[in-house]
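Step one of this worksheet: look at the structure below.
Order as written gives the chain letters A, B, C, D, E and F; numbering starts at 1 within each chain.
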């Protein structure tokens, strides 16, 4: 049962090809990542995921580079090798410099450390930080 | 053994007070978070953690607001309630608008979703994304 | 110190062989996974883990396929490549179709997303959902 | 900046009310969870999340109760208190018995244990379990 | 459906009472933790979990205090408030001093930081560290 | 942009070499791990991380072997392959026997299991375990 093989453009059903075309146009590229080629085994998830990402990663109150670095921060925290590699590449293509990458890593590392110090010392939320 | 009580400024030993003073000056505030008051039970960790954070969160290739939002992204991914509350407050004080917050949450949610899709579909890293 | 080499049936001590035999009989297979061959370096953990799994994964109020898919859901969430590969294979051998796999992935992805939205928006538990 | 307050039906803008109405109809209930009321602060995320969940959680190759238990498995693994409480309630309303709940918990616990044993013993993926 | 209420000694069925008695004797205490009282809703899981813990946490090549501190390290990393509170209490009762607690926290925080630096910098495993 | 290549001693800038020298001296070794060679792309993070680790991992109320095993426990929980491999090697060089390794793994596995049982059963913290 080949549910995880990569589906190439030429082998893709029309509904998958439509998503691939939209990715190529939106991202101004001629390359489809393995991630999409794997999701293409389930056209419904391919389409839903692409449309969500397209909406979420578009320029808004946050610029696309900032969003891409947030993606890297989550991927590194979760120890997802594919996501780390692909989103670092993506952030670079959007302008992340070497220095920005180093600062990003430093913040992610530190946040993971203090997240555990706060938990281990069982620190109560300050009144002024409470949501309501 | 009260290793997790909060140590107030007036009760603090000189080495702890020195860190508190540096926090108050650097952050231009008159408030010490519970996090620091809890760490103060271990002056070595208080000092090391503060100095690392001071260095890492300073303006650089990334601005302080971007760094603070990265901190929120990690804290939300890790499900750390104290860190979520305090770093959202901090990001707001540095200029995060409601819209920026919503976009930040949308990216963090999506990244956590696709991190699992990449893992579950066992996607191989594209040649072009490899680190070396 | 070879504490992590794989211990083959022919090289196994009697207490390890007894567990291997029970695995082969219970699962009606002639194959021992690398996981068990690695655990066999510590016969006490091999035996305890196998007996727990045998008890937990047996048919009960939940059928074995459902249990296997729950195992996949946890393994994907934790980003454990070995566990993802072996439990997907196992779920397939118990009848998971391609469509079921895709739906499983979609649920796991979505749950990981909304877990972070709930945390980031600091949503209070509804009165009616409280445990007591 | 009240970006995390709960938005009640009577205070909701028309686009939010449209989603609430669809939730009430689809789920045959008269209750909107706090989760949706919090997301309603960002109508775009509310709508996208609801539509994704509606599509993913609908009956398919997997029945709604199985999907709900997968949701619980992920939420427990991630230590998300809101999600644990609300999805256990949801699974019960779809027919999860006490025994099913206990077996679900046993599988989730065990999977989290063996995920770490596989990682710690650095077990290589068996040839026969490889995706391709 | 009260599957999560706490089952007190006096209300417990004989098989649950037998486990409680073994806990009280083994731990030389007159107190049963809420954790066990909750698990008692599923006597099979109560018994299996207690017997595993009894075997694993007994003195061996590692002493009980070291084992308890390892438990705290995992619980803090996973952000499990119940587990953090109960295992810190347990470690203290076995002799963990304030200084030991502080060093434990420092190591756990640092390990969580460097785990992400290693992932984010995509560091390849040194030949000499490979398992085989 | 080669921000993740490994920087060898002979190619290192003076500030990096100074850290390498301190690592070699402090650890009484002639080998620099890939981790440090990767961090060397960002001399500020290299220096800060090394100095923190040097301080934290030094003998104190906890001995270096115990600290190293705590590091392994966190790395296994986080599914970080590099960290698992390098810290197991490090623990062995500090005296971890095969038996100690097996017990360490058993505790880490069990803690990850009961962390989820506590979360899934939504167990309230016992009064006597509360931090304050």
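Points worth noting:
Just so we're on the same page, contacts are C-beta pairs under 8 Å (C-beta built on N, C-alpha and C of every residue); 3 or more make two chains touch, one makes a residue touch a chain.
Treat the numbers as computed from the prediction; the structure is a model and nothing was measured.
Following the contact convention of this document, A, B, D, E is the list of chains adjacent to both subunit C and subunit F.
Superposing subunit A on subunit D by their CA atoms means rotating through 180 degrees, a value rounded to the nearest 5. Farthest from subunit F, judged by the mean position of CA atoms in each chain, is D. Of the two chain pairs examined here, E-F and B-C, the one linked by more C-beta pairs in contact is E-F.
Each chain gets a centre from the mean of its Cα atoms; the one farthest from the centre of subunit B is C.
Centre-to-centre separation of subunit A and subunit F, using mean CA positions: 27 Å.
We define each chain's centre as the mean of its Cα atoms; on that basis subunit A and subunit E are separated by 34 Å. Counting only residues that touch two or more partner chains, subunit A has 4, 41, 44-45, 49, 52, 77-81, 85, 88, 97, 102, 104-106, 108-110, 112-115, 117, 119, 121-122, 131. On subunit C, the positions that touch subunit E within their shared complex are 4-5, 44, 48, 52, 55, 131-132. Taken together, the subunit E residues at the contact with subunit A in this complex read 72, 76-77, 79, 81, 84-85, 88, 104-105, 108-110, 112-117, 119-122. Of all the residues in subunit E, the ones that touch subunit B in their complex are 79, 92, 97-98, 101-102, 105-106, 109, 122.
Residues 1, 3, 41-42, 44-45, 49, 78-80, 131 of subunit A are the ones touching subunit C in the complex.
Listed in rising order, the residues of subunit D touching subunit C in the complex are 4, 31, 33-35, 38-39, 41, 45, 49, 52-53, 56-57, 60-62, 66-67, 69-71, 73-75, 77-78, 80-83, 85-89, 97, 99-100, 102-104, 106-108, 110-115, 117-119, 121-126, 128-131.
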